[in-house]
Every structure is written in structure tokens, then in C-alpha cells.
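Below is a structure I'd like to ask you about.
Chain naming follows the written order as A, B, C, D, E and F, and within any one chain the residues start at number 1.
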Amino acid sequence: MIHSPYIRKPASVQSVMLAVLLALLPGVTAYVMQVAAVVVVNLLIATVTALVAEALILTLRKRPIAPALSDLSAVVTAWLVVLCFPPILPWWVTVLGVLIAIVAVKHLYGGLGQNPFNPAMVAYCAMIVAFPSLMSQWPPAGQIDFQTQLDLVLGGARQLDAITGATALDAMRTGLRTSGASVDSVLQQSGTFGAVGGRGWEWLALGYLAGGLFMLARRIITWHMPVAFIATLAVVSGIFWLAEPARFAPPLFHLASGGAMLAAFFIVTDPVSGATTPRGKLIFAAGVAVIAYLIRVFGAFPEGIAFAVLLMNLCVPLIDMKTQPAVFGHRGSRP
Amino acid sequence: MIARLFNFHGGIKPDSHKNASAAPPIAAAPLPPRLTIPLRQSVRSVARCLVAPGQRVLKGERIGAGEGPLGTDVHASTSGTVVGLAPCAMAHASSLDTLAVVIEPDGKDEWIERRAFDHRAVPREAALRYLSACGIVGMGGAGFPTHIKLGNGRGIETLIINGAECEPWITCDDRLMRERAAEILSGAAILHELIGARRTLVGIEDNKPEAIRAMREAAAGFPGLVDIVAIPTRYPAGGEKQLIRVLTGIEIAHGKLGTEFGVQCFNVGTAQAVHRAIHHGEPLVSRVVTLTGNVRRPGNYEVLVGTPVETLLALAAPKPDTDRYLMGGPMMGITISDLSVPIGKTSNCIIAASAALFPPPPPELPCIRCGACARACPADLQPFELYWFSRAKNVGKAQEYHLFDCIECGSCAFVCPSHIPLVDYFRFSKSEIWARERELKASDQARERFEFRNYRQEREKEEKAAKLAAKAAETRAKLSGSATPTDAATGDDPKKALIAAALARARQQVAVEPRNTDTPHAGVPGASPGIASRREQPDLHDSDATS
Amino acid sequence: MNLQTFRENAWNGLWKQNTGLVQLLGLCPILAVSTSIVNAVSLGLATVLVMAVSNFAVASLRNFIPYEIRIPVFILIIAALTTVVDLAFNAYLHDLYLVLGIFIPLIVTNCIVLARVEAYAAKNDPVSSTVDGIMMGLGLVWLLGVLGGIRELVGSGTLFSGIEMLIPGLSPLSVFGDDYPGFLIGVLPPGAFFTLGCLIALSNRVRTRAAAGKPARAASDGEEAAPASAAP
Amino acid sequence: MLTALLVMTGIAIVLGAALGYASIRFKVEGNPLVEKIDAILPQTQCGQCGYPGCKPYAEAISNGEADINQCPPGGEEGIRKLADLLGREFKSLSEEHGAEKPKSVARIDEQLCIGCTLCIQACPVDAIVGTAKHMHTVVPALCTGCELCVAPCPVDCIAMTPVKETLETWKWKYPVFELRSAA
Amino acid sequence: MSSYIFIVIGAVLVNNVVFVRILGLCPFMGVSKKLETAIGMGAATTFVLTLGSGTSYLIDHYLLQPYDLAYLRTLSFIVVIAAIVQLTELVIQKTSPLLHQVLGIYLPLITTNCAVLGIPLLSVALDYTLLESLLFGFGSSIGFTLALILFAGLRERLDGADIPAPFKGTAIAMITAGFMSLAFMGFAGLDRFQ
Amino acid sequence: MSNRYTATHTSLRTAGIMVVFTLAFTAMMSQTYRVTRPAIDASEQEQKMRLINDVLPPGSYDNALLDDFVAAGPTPELGLDRGGRIYRARRAGVPAALVFEAVAPDGYGGKIQLVVAVGADGRLGGVRVTAHKETPGLGDYIDPRKDRNKTRPWIGQFAGMSLVEVAPAQWKVKRDGGVFAYRIGATISARAVTNATGRVLEYAAEHRDALFAASTGSAI
């Protein structure tokens, strides 16, 4: 028998995920125009892989397929995998990454809503650890033509040194660490940098920001995570920068580079694997920002957001447990 | 005028659907051919039957005497003949039966002698007893006896009259306030005096401007008594704790009652019923019921308690595509599985539901922890956590996360994008916890009795041994060496042996075969199949066993 | 010691109470050393030796050990025997020692050794205790072999790398050819956890199948495990 | 060699003495765990677990003699709680000890009862009232449904009747929806 | 001073005993089903490991090295640690019988929590001073406790998840540990700022 | 009081038993150690020789290499912060080559231990990694046994090089603007070994004569 309530808001998981995909579009457009158009091909490959993998597993588990496929959550995951990976990866790396995200992270834990880790970020971490060199080959923004990009993706011979360049974060790190240069000299010497971050990549950051604001307006996400993430990243990098401007890059550089904006609005906000209470969300996002900064600046990996997200995912049960909001009639007490 | 309203967290704004049924004035429902008046008006309150089949009763005559601390009296809703005592389905999600008095109306609708009651002339307790004798219970939903809620007449600062009527579709309180504002306020004045309040507030959602206007006009007749406050329309603003919060800013602490914070809350219908009882001497025998939904003639009717829903429905002319009926609002009501259910004192609304108006819920998807439910929850709960634990049947953990602060308002399920019937999970967990508490009590009792029995047997054995020793000594003293004391002990040995054998058998059966197969096992005397077959027999007397 | 107990010991050690799959003891060496088949199996065999000897020693001396100091005494015995084995290998089987050497002291800390001593040898006669030690150890060996094989294959595309040091003349198999990029996670710590997790899942499945009375159909097991092995 | 022996002997003496002393000094009596286990058991006192009552079974569990899945009246829920308490893995009810059944109470057919008092003596919780040669009755509120009284009755007049649902004991069902086939 | 901090950071995060050094896995898998027991086990291990590191240093520095008895290292360390464990067990049994029952078989197994021997051996190999050994032992056991607590939190949450049947229980726990170890790789390099 | 007595008594008893066990097993260990020690020492020498033979052809000298060494204290140039040994190969008493124990401190996984043979002419005999913690499958190609390219292992490129052919400023991996090959994706390991080798060569050039002149076993 059906019990009350008998009426429901016309909301669905599908509409939520669709909104996320829509919100990604400005960023994707900037990607295509400014960096590498081949990302569209990657998105296609990833989407198909995600859907096929999901369908296969559900068949194996003898679960209904249609609702799971149509909820679009796998597509969101697939897109985020692609947007975190370098665009000129051979296609099989993308496929493997999506498979890890969907099969090993999402469905081993029972599918949508049950995975304690962010699937896209696990995919990134797994792949950068497994294929550190492939995963650090980024094309310089807008300098190779589409045909070359496509050849690289579909498996032509890879003349890597010739094509790839360092990302802004990478260039900054190598510059600061191995050649002992100062931030200013690094910023000036290389064509990698634009006004505030990596050249061309700044536009992506702007695109993601726009999409994020759209999601905020649509109430898909709440303000806590993006605000806490951006503020913390700015404050932490600001402190280091003020202390030693020659050794540490300015906050704006950190915010506009790498995946900071994508992370602020689309990744730390993953509802499934993130903290859920308002205070918990603040702690979670701030934690991601701090760890990501430390890894970027002192650690072994050029971009630390993925690991930071994963590390904070580990803490989510504890954070949620300790930040339960006071229930009506219980102000000042927690479970 | 109250300067400041407070806010409660969460809440939702579903489409109200109130206009259609709120338009026509309240009409009296015709007398049904039969009235079925349950002796049990809510799960908690039970009454003892006072009439016998064949007896003629008048309208307002007492037919049931309240039993226990929460009992209130039950009255005949019209004059006629008691034709029987029969089980009838309760307006309760379980649809379990309860005993009801069936009355065949004689069509005269003849009242008992009605006399106004001067509550100021008698001690307060007598006035409360009078209300109880008039069968006044809360008409806002829970049916809690009003005389108990009136308490001891001390310590109440604010009396709140709940005219929020926050659920969609329902308009009975709206109409009542528009048409009988003066009666409501008169009732409020009585409640005010009885409870000893300093001030009285009437909270009405601001989507009922006519009701607010009518109440304000009527309030002029009670100078200084009440403030009529328009509150923002947001479900569940009518929930007791939410309304108290909005009007006074007080947050009733967990496990506490409003009275402990100096606030008490009554429904407008309750207030009107109090007025009728005190000033007109009329027990509570009818109420206003909204008939709406997928019907041609939505509206409000004054309905006698005990009127079967099916006879009422004809008034509203349900459309042919109606597939089920709801009692109560769409947020908290129940589906009526049996249309013979009688209208009770808390039945405020019957909604004819069709697939178009109330589509069946889309398939349940896993929770994506989006937090929409937490944002909607007026109790500041994290419904998805409660759901996570309830789904895993980890009800203890759900309780730790304050399951029992959930008021089952359904806001969370309303917003959930995964269409999870969250409230059902919470109800499941709650009743599971209650059941476990009952079991725990039973097992504590069993343990105590078992230990006591062991202690008693031990003691008896000792006493017997002492007696035997004494006897033996005596015998030995008398003669020498012929009778041994053990002979005396054998007297009760056969019984003990039997029990031991039974225990052994019981254990053996268990080891050898599942208990309720009916193939007798070689070597085991026929007891086992016997037990099994007897257990499967339907039993005629199980009411003894369960009462 | 009769055939029956022997069978029981063998079945327990190899499958029913397998240390890595069921008891979840001795996990550290299992996970740490299974980066290649050769490493894994070598350590497994060294463990078999230590377990057999220490089970025998404890079972023989069990009547002389007071309860409250049993753990220190057991550990004393295990540690001493391990050191002796280690020294002996070093001196007389030096080539083998070069491969196994670093793993042997690790055996002391392998809790499965103490667990078996405490759970079995302290209560049983020396002969069946020795058999128990050997069987438990062999259960470890096959698991280590499988784990090492999978990780090596996934991680670097080879099998039996390092075999030339153990048995000169043999050479490793390069299964996927020299172009295989190497899925590094396989040989890193996370790969160890994933692979063992998947093996446990597989064994669970086989066990439930067996318990359900259906013959475990190899084909469908393979299918079911597919998502697992696709996971690194 | 000598230094080695001396060093190790020294260590051994110190440690052995300390341990020996501590084992006396910190000796424990009693076992609070039994109470905790007993509190979880349903107190049906039926003996299906293979022990004469719940307390003895609790003692057996705490000593490691009995497994946690031997009490059918406690059901899965009971096993789960025991597993939680003891930090063990959950296992399903052991088949040889019986199956979980709907709760029942004994009822004596008063027409047949000859008043032999055998059932009274079998009942572990004194739930049967009556005196010799007079009709006996089960007090349903006290009966745990252990069935121990059934077998001793010489005229087979005791039957177990499942407890019927009332408004007080009615439970909301676990929500099940077609599209979510059970795991 | 900063080198002490790096020793602790390194032991807690970068070279976490469980996820990077792969030590102490049996209690990590066994005692992580509930948060309370995880905390208890963590505390017990911290106590034993810190004390063990100090004692081992003293034995190594004042007995074994002067008399050239390095081959007795494993033996003497493990025996001393075993004794410390047994002492702890006796004390806990008296003072907190419930903790004792819950930790049941794991208390004796602290001895063979390989971390308890592995960490003192490592700190000898790393040539740490007494203070450094203590910090290293303490940091490592904090790392162990951290891993245990995070893992227990996750496992409590996993209780309700609809995990494929063969993966229920230890298999998914193992895989979760894998993801945790992957996450901890992110700390690589943080213990050697230039 | 009697309780105290029992405690003492039990303590003594357990201590006694513990001592007996300890004595027995320590005796067993010591005995084994004594018996095996010569064999073990011999094997260790042999192993060291094997490594050295990889970098220095056994025929190119005739002295007892392992006994002819200088103990170096902490030497940052060689990466030795706890000291190490430098062996001297002579042929008919004439200095033939120096074999350095050296450490590359900046590998991906930490220190990489090396042996480096430098001929009397300043030419590299060869470089071998004796211990490292580079990532298996990625950075471990610096160990020729793990290098997939068995015919021309990466580390082989150093043999025969000297500071004459490659100026100190060029003694780097290609990515850093030098001449030496590296494996993409694992530059750090290659960089560490290359730079350490360069430093050894410079050290050797500077101190060659002093090293050969020092008396055997002496410390510098």
C-alpha cells in the first residue's frame, strides 16, 4: 500500500544530474575554444563507456537497468573524469579511468548513492599513480590542431616531448623547485601563463564559475562547499604568499589554475561522497583546500585536489557524525 | 498585534488546492441509514460500552464511558435504536477492527436535554470533568482528550488556537473560522479561563484572508482576549511545535510538553466544540469534514460522528476515474481501504484521489544524499541518515539520530528527488523500536520470574532436605536400619523424571529435525507431531490469549 | 595422528580456515611481499618451514609452559627458531638466502605463526601440530602465489620475474610484450588490497555456491568476477 | 656466547617476575560480560540453544564454548546484537537449533485438563496457575512461548497459539517497492 | 626541532604504517568494525608501541650494541614487547574488563601486530636517537590509530550499503582499505620539504 | 599478607621458567650464530665482490681489493652522511681504479645507494645500484636487473664516460639540458643517479692521489 505523503515535488535525480551537466557546458565550451577541441571526443567516449559499464553490471547483478541509466549520474561522473584528465590521453586511458570510477568505485559499493569515495577523483588518483607520465602530458593551450589531437587520442605515435608542455602548476613547481627561480621570474619566462593562471585555462575557470553559479541559483548545491573551498584556498595560499612572495605563488594563481574552480563547484560538492551537514560541508571543503594546497606546493603530485578530496572522503563519516545539527528541541546537544 | 513572528527551519510549499472546497458554505450532511460509532476514538483512548442492542438512544446520549486515564465518553450522534455491537475498521493505517456501537437513526434527531454549563460556578476540576463527559477531544489530529491538555490551570502563559490548517486540500477549519468565528472565540475564551492563560493567540496561515478577516471582526466582540495572527503559509506551520515556535519563539524541547514552557495549543474545531458543550450543553457528536479531490461538488459538511464514509461520498459526487480515497490531508492522511469506515472526531477531510491528481510515486531510487530532505525538515533532522539506518534495519542507530523527533510531516518525502518513501521507513523504525521495547519488558519480566522460580525451587529443595534429614534422624532414633531416607524422597521422583524427559525430548527434537514437520521420528514418542499439528490449528479462543 | 585428522588439517589449512582468505591473519607479508610470484612463493615457503618447526617445538614443550607467560615464551621460541632458520639459510643456502633473506626475519611478526601456535600447537600433539603448521603455511603459499601472479601481471606484464636468481637458467615470462605500459597500481600497496579483496570476494562466491549445494560453475564464476578483476 | 646468555637471562628474569606478580596482583573475578549477553537473550528459557536456560547459554558464549547463533527465539536480531557486543561477524541462525517462529503462547484446553500440575513444574517462568486436580490456565501475558509445558502434559491438552496482532502491537511494515529487488 | 616534526608527520601520514609500510594489518582489518573498539585498540597499540620503541632503543643501545649481539635484536625486542603486552592485558583485564573482552583475541595479537616489532626495528635501522625513536613509535601508532578510526567510520557507514553479495564483509573492507591507501599516496613527498 | 607471599612465590616460579626457556633458546641461537658466522662472512664478502665485479673487471687489478680501503667519514660530495668505504684497486702496486660507495640522496623514494668505479684515468668503470626504494615498475629501471631493456640497460650508458668527454656542466639528463638518457615519466630517478655519478667523478678527480696514498683502513 502507498502511504502518505501522496504528493511530491516534481524533482528527480535525473533533473538534478541534467542540471549539473548543463552547468558544465560553459566550462566545456571554453575548453573547446581555448584549449583542445578533442575533449568533445573524450566526453563521447567516456559517456558511452560509463553507460555500457553501468548496464553490464546491473545485468550481472540482476537489477533493473532503465532507472539507473536514465538517472544520468554515470554521465556526470564520466564527464568529470574527462575534465580532470589531460585531453590528449590515448582513448584507452579514458576508458580505463571511467571503468574504475563506475565499476570499482560506484558499483562495488552498491551503485548510486552508496559509494563513500568520489568516483571521478579515485579514477584520477588511480591513473596518475599508474601512468604518471601519460597523466602529466598536457597540451599547451590552443597550440596543436584538432587533427593532431585526434591522432593522439585515437592512438597515433606519440611524439611527446614535442607536443606536451607543463601545466601552469607544473611549470611553477619545477621552476621553483629545481631551478630555484622566484615566482615572478617563473611567471615571466614561460608562455604557459596567462593573466592570472595558465594561459587559456583561465577561461575554463571562468566557465566553471558561471556553471557553478547556475547550480547555486537552481539550488542543486548549497553555498557552503564552494565558499569554504575558495575562501580557504585563498587564505592559505595568501598566508604563504605574504610570508614569502618569491617562493609562493599568489592566491589568484592558485584559484585560477588546475582544477580549482571545477573542484569548488562540481567536485567537492558531490553530494554522495561529501559531508552533508552544513558545518560538515564547511569543514570538508576547507579540508580539501588545505590538503590540496599542501600537495600542490610541497608534495609529489602537481595537482593535489583529487587526493585531497579522497582524503577528506575518508573523514566524511566522522565529520558527519560530529557535526550533526542540533535537532528541533535539542539545541546544544548532538547524538 | 504581535510585533514579531519567529521562524521555523525547513518546511515546504505545496500547491494548496483549497479554493474549490473553501468556496461553498458548510452544509449539514443528511442522516445516514446507519451510524457506526467506534468505542475507541483513537489508539490511546478506550471506552466501555453502556448500551445494549435494542436500546433506544437520544442524540447526545452517553453510549460509552471513558476508561483509563485517557478515556473520554462517547455519545450517540443522533436518536435511534442500537442495533448491535460490531467490529468495524478503524480509521487507522492498520485497518484493524475495533468495537463499535451501530445505531439505526429514527430520523427525529432528538436531542437529550441540553443545559448550558456554568463553568465559572463550579470548581475547575468539575468543569474539566464536564468536558470529558461531553467527549471533547482534540480535533486537530491526535484526538487527545482536551480536559487533560487543560492541565492544572497553572503555569500557562500563552494559549494558542491553531487555525493554520497547513495541509493542502483541507478547508474545514477555514470554513469554520469564516462562518463560526464567534463560537470559536467564545470557546477560546473558555479555554483561556480554564487553563489560566495570560494571553491567547490565534494563528492562521495568510492564505486564508477571509478567515482572518472574519476572526478579526469577531475578535472585536471579545475585547482584549485574543490576537489574530496571520502567519506565513508554509507546511507544516500548523504542527504544534512549529506554530508555537512561529508565534512565541519558544522551542519545545525534546520529550517535553508545551505546558512545561507555558504554552498550550488547541485546534479551532476543539475551541468551537468547547463552546457548544459549555454554552449549549451539547456533547461532541459532529464535526466539519471537507470533501474534495477528484469530485464534482467539493465542499464542507457538518457530519455526525459515526457516519460511514461511503454514504458521505455521494454528497460530493466523485468522478469515475477516482481510484482510492484518502482520509486526512495528502501529507499525513491515510488511504481508506474499507469505505465503511466511520467519520471520527478527528476526521477532517476525505479526498477522492485519482491517478492524475495523486500520481503513484515513481520508482524509488537510491538516496543521493543531496540534503534536500534535511533542508525541508521542520524538526532539523537529517532524514537521509535516518533513512540509511532504517533501511539497514539498524533502528538503534536511527534512534540515536533522533528518530523520535520526527513528526512524520512528510516534508522530506515530498522533496526527495529519489522518490524515497522516507516517512514509511521512519514509521517502520519507530514501530520496530516500540516492539523491541515491549519485548525487552517481557524478557525482563521473564528473567525475573525465572530467577525467582529457581530461587524458590532451591529453597524448597533445601527445606525438603532438611525435613527429610529430620525425619531420617527420627526414624533412625525409632528403629534401626530398616527404612532408608531415600525411600521417602522417591515420592516425587516420577514427576521430576517426566519433566526431565520432556526437556530431553524437546532438545532432541530440535537436534534431529525441524520442529513443525509432521513425520514422527523413530524413537521419539509421538509428542512432536502432536505439538506441531496442534500449533497449526486455528484457534477459537485467541482473543483470550491476546487481550 | 591418523588419516582423518590429516585430511582435516589439510582441508582447514588449504581452504576452510585459510589464513588470508578467512582468518585474515598474517596479512602484512601477504600484502607486502606479493609484488611478484617469486618473492611471494619464496616467503611462503620460508613461512611453512618456520611454522612447522615452531608448531612442533611448542607442541612438544607445551606441558612445561605456565599460562601467564605463555605468549612471551611462544614468541621466544618462534623468534629463536626464525633466527636460526635465517642464519642457517644465510650460511648454507646462500643463493637462496639472497632472494629470501630480507623476508625471513619478517616471519617473526607474522601473526599467523603465533596464532597457530596458540590456537593449535598449544593444545595438540607434536605430529598433528606440525602437519597443521605445514598445511596452514601451504594455504598461505598458494594464496601468495595467486596474489603475486595477478599483481605482477597487472603491474608490469610479466610473470616469474626474478626466477633467474632462484633457479639459474630460467627466465621470466613477458606476457603482454614489452610495450605493456604497466598498470603500476598493481604492484603498489593499493593494488595489494584490491587484489586480495577481489580474491576474498571470489572465494566467498565459491563458498556460498558450494554451501548452496550447486556445483560451482566455473564459467559463471568467471563472469561474476569480471567486474572485480576489471577493478585494478 | 656468555654475554648473550647473561643479557637474555637478565631480561627474562625481570620480565618473568613482573608478569608473575602482575598476574596475581590484577587477578579478576566475575564476568560482567555474561550479564550483557544475558540482557540480549530473549529469556524464553526454552533450552533450544542446548543449555538449560538463557543465563547458562550466556555463560557458555562468554567462555567461548557456544556460538552466538544458537538461540532461535532471539532470531537474527538477537544474533546481530550479540555479534555487535562481541565484535564478531554476524552469522545466520544455526539450523540444528531450530528456526525463528512467530511468537506464540501456550493455551490449555480447559475441557481436557486433568489438573496433574506437570505443566506447572515444567514452566520456567511460572506462567501457569492452578492447583492439583483442578483446571489449569496459562497467563498469556507471562507466557514466553517456550513450549516446555507441551510435552509433559499427559493428555495433550496444551497447544501453542500464535499471538494475534492488536492496535498496540501492530507494526508498520518494512517498505518494499517492486523495482528494488532485495539484495 | 623541525626534523622531529617531520618524523612525526612522516610516521603519521606520509609513511603511514598501515597504508604505506603495510604493517599491522590484522588488527586493522579485525578491530575496525565499530568506532569504539577501534579507538580502544588504537589506544592500546599506541601505549605498547611507544613504550616498546623506547625500551627497544635502550636494550639495543645499552645491551646489544656494546656487546656486539645484533643477532639477538629480533629476539630480545619481541620478548620485551610481548611482556609489555601481557602486562597491559593483565592491567586492562582488571581495570576495564569490557574493553578486555571486546579486544579479546586481539590483545595478545598486539604482539604480532607486526608494527609493534617492525617499528622498533625500523627505528634502529634508521639510527634514531632515544627521543626520535619515541617520536617515531608514537607517530606510527598515531598513524595506525588514525587509519583504524577512519576505517571504522567508513565501515559503519558501509553497513547500510547495498554491496554485491560476494563483496560483503571483509572483501569490501579490503577494497576500501585499498582506496584509503591510494588516498594516502597523496601525502607522498610531504615529509621532505626542501 | 599471605597474598603477598603467593605473589612473590608465583613471580619467582614464572621468572624461573622464563629464565630456563630463555637460556635454552639463547644458547641455541648463539651456538647457531657461532657455527654459521664464518660461512656468512664469507658469503657477504663474496656478494660484495660480485657487485664490484660488475663495475670493475676482475682482471684489471691484482690486489685483495676488499682489504685495501679507505674509510670515508661523512662526505656530502659522495652523499655519505654516515661514512662509507672507498676501495682501491691496484695492478702490480700501481693504482688502477677507485671503487666508491656513494649515495644519491634525491631519488623519488629517498636515498639510492650506489657503487661507482672510477679508473685511475678518471674514466668511469661502471655504476651499480645496490639499494633503492624507487617505485617498482617505474623508477626501478636504474637497477639493471629490473630494467626491461636487458641488452642495453639504462645504467650501462655511464661506463667509459669521463669528465673529459662530458663537461661537468653537461653531466645531466637530457631534460635538464645534459647528455644522458632518461626514461620519460621517471626523470627523478635518472636525475638522481646521474647527478650523483657526476659528483663522484669530480670528487675522484680532486682526491685521487690522496686516496691512493692513504694507508689501508685509515680514515679521511
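We adopt the following convention: contacts are C-beta pairs under 8 Å (C-beta built on N, C-alpha and C of every residue); 3 or more make two chains touch, one makes a residue touch a chain.
Computed from a predicted structure; not experimentally measured.
Chain centres computed from CA atoms place B at the largest separation from chain C.
Here C-D and C-E were compared by C-beta pairs in contact; the pair with more is C-E. The central chain here, found by comparing per-chain C-alpha centres with the mean of all protein C-alpha atoms, is E. Note: centroid distance chain A to chain E, computed from Cα atoms, is 33 Å. Centres computed as Cα averages put chain A at a distance of 51 Å from chain B. Centroids built from CA atoms put chain F at 44 Å from chain A. Chain F has residues 13-14, 17-18, 21-22, 25-26, 29, 33, 138 in contact with two or more other chains.
With touch defined as above, residues shared between interfaces to two or more other chains in chain C number as follows: 68-69, 72, 76, 80, 83, 87, 182, 184-185, 188, 190, 194, 224, 228, 231. Residues of chain D in contact with two or more other chains: 4, 8, 11-12, 15-16, 18-20, 23, 25, 179, 183.
Interface residues of chain E facing chain F in the complex, by the touch rule stated above, are 71-72, 75, 79, 127.
Listing the residues of chain D that touch chain B in their complex gives 38, 41-48, 50, 52-54, 77, 96-99, 101, 104-105, 107, 118, 121-122, 124-127, 140, 142, 144, 147-148, 150-152, 156, 159-175, 177-180.
Of all the residues in chain E, the ones that touch chain A in their complex are 149-150, 153-154, 156-158, 161-164, 167, 172, 175-176, 179-180, 182-190, 193-194. By the touch criterion given at the top, residues 131-134, 136, 160-161, 178, 300 of chain A touch chain F in their complex.
Residue ranges of chain B in contact with chain E, taken from their complex: 366, 388-389, 391-392, 394.
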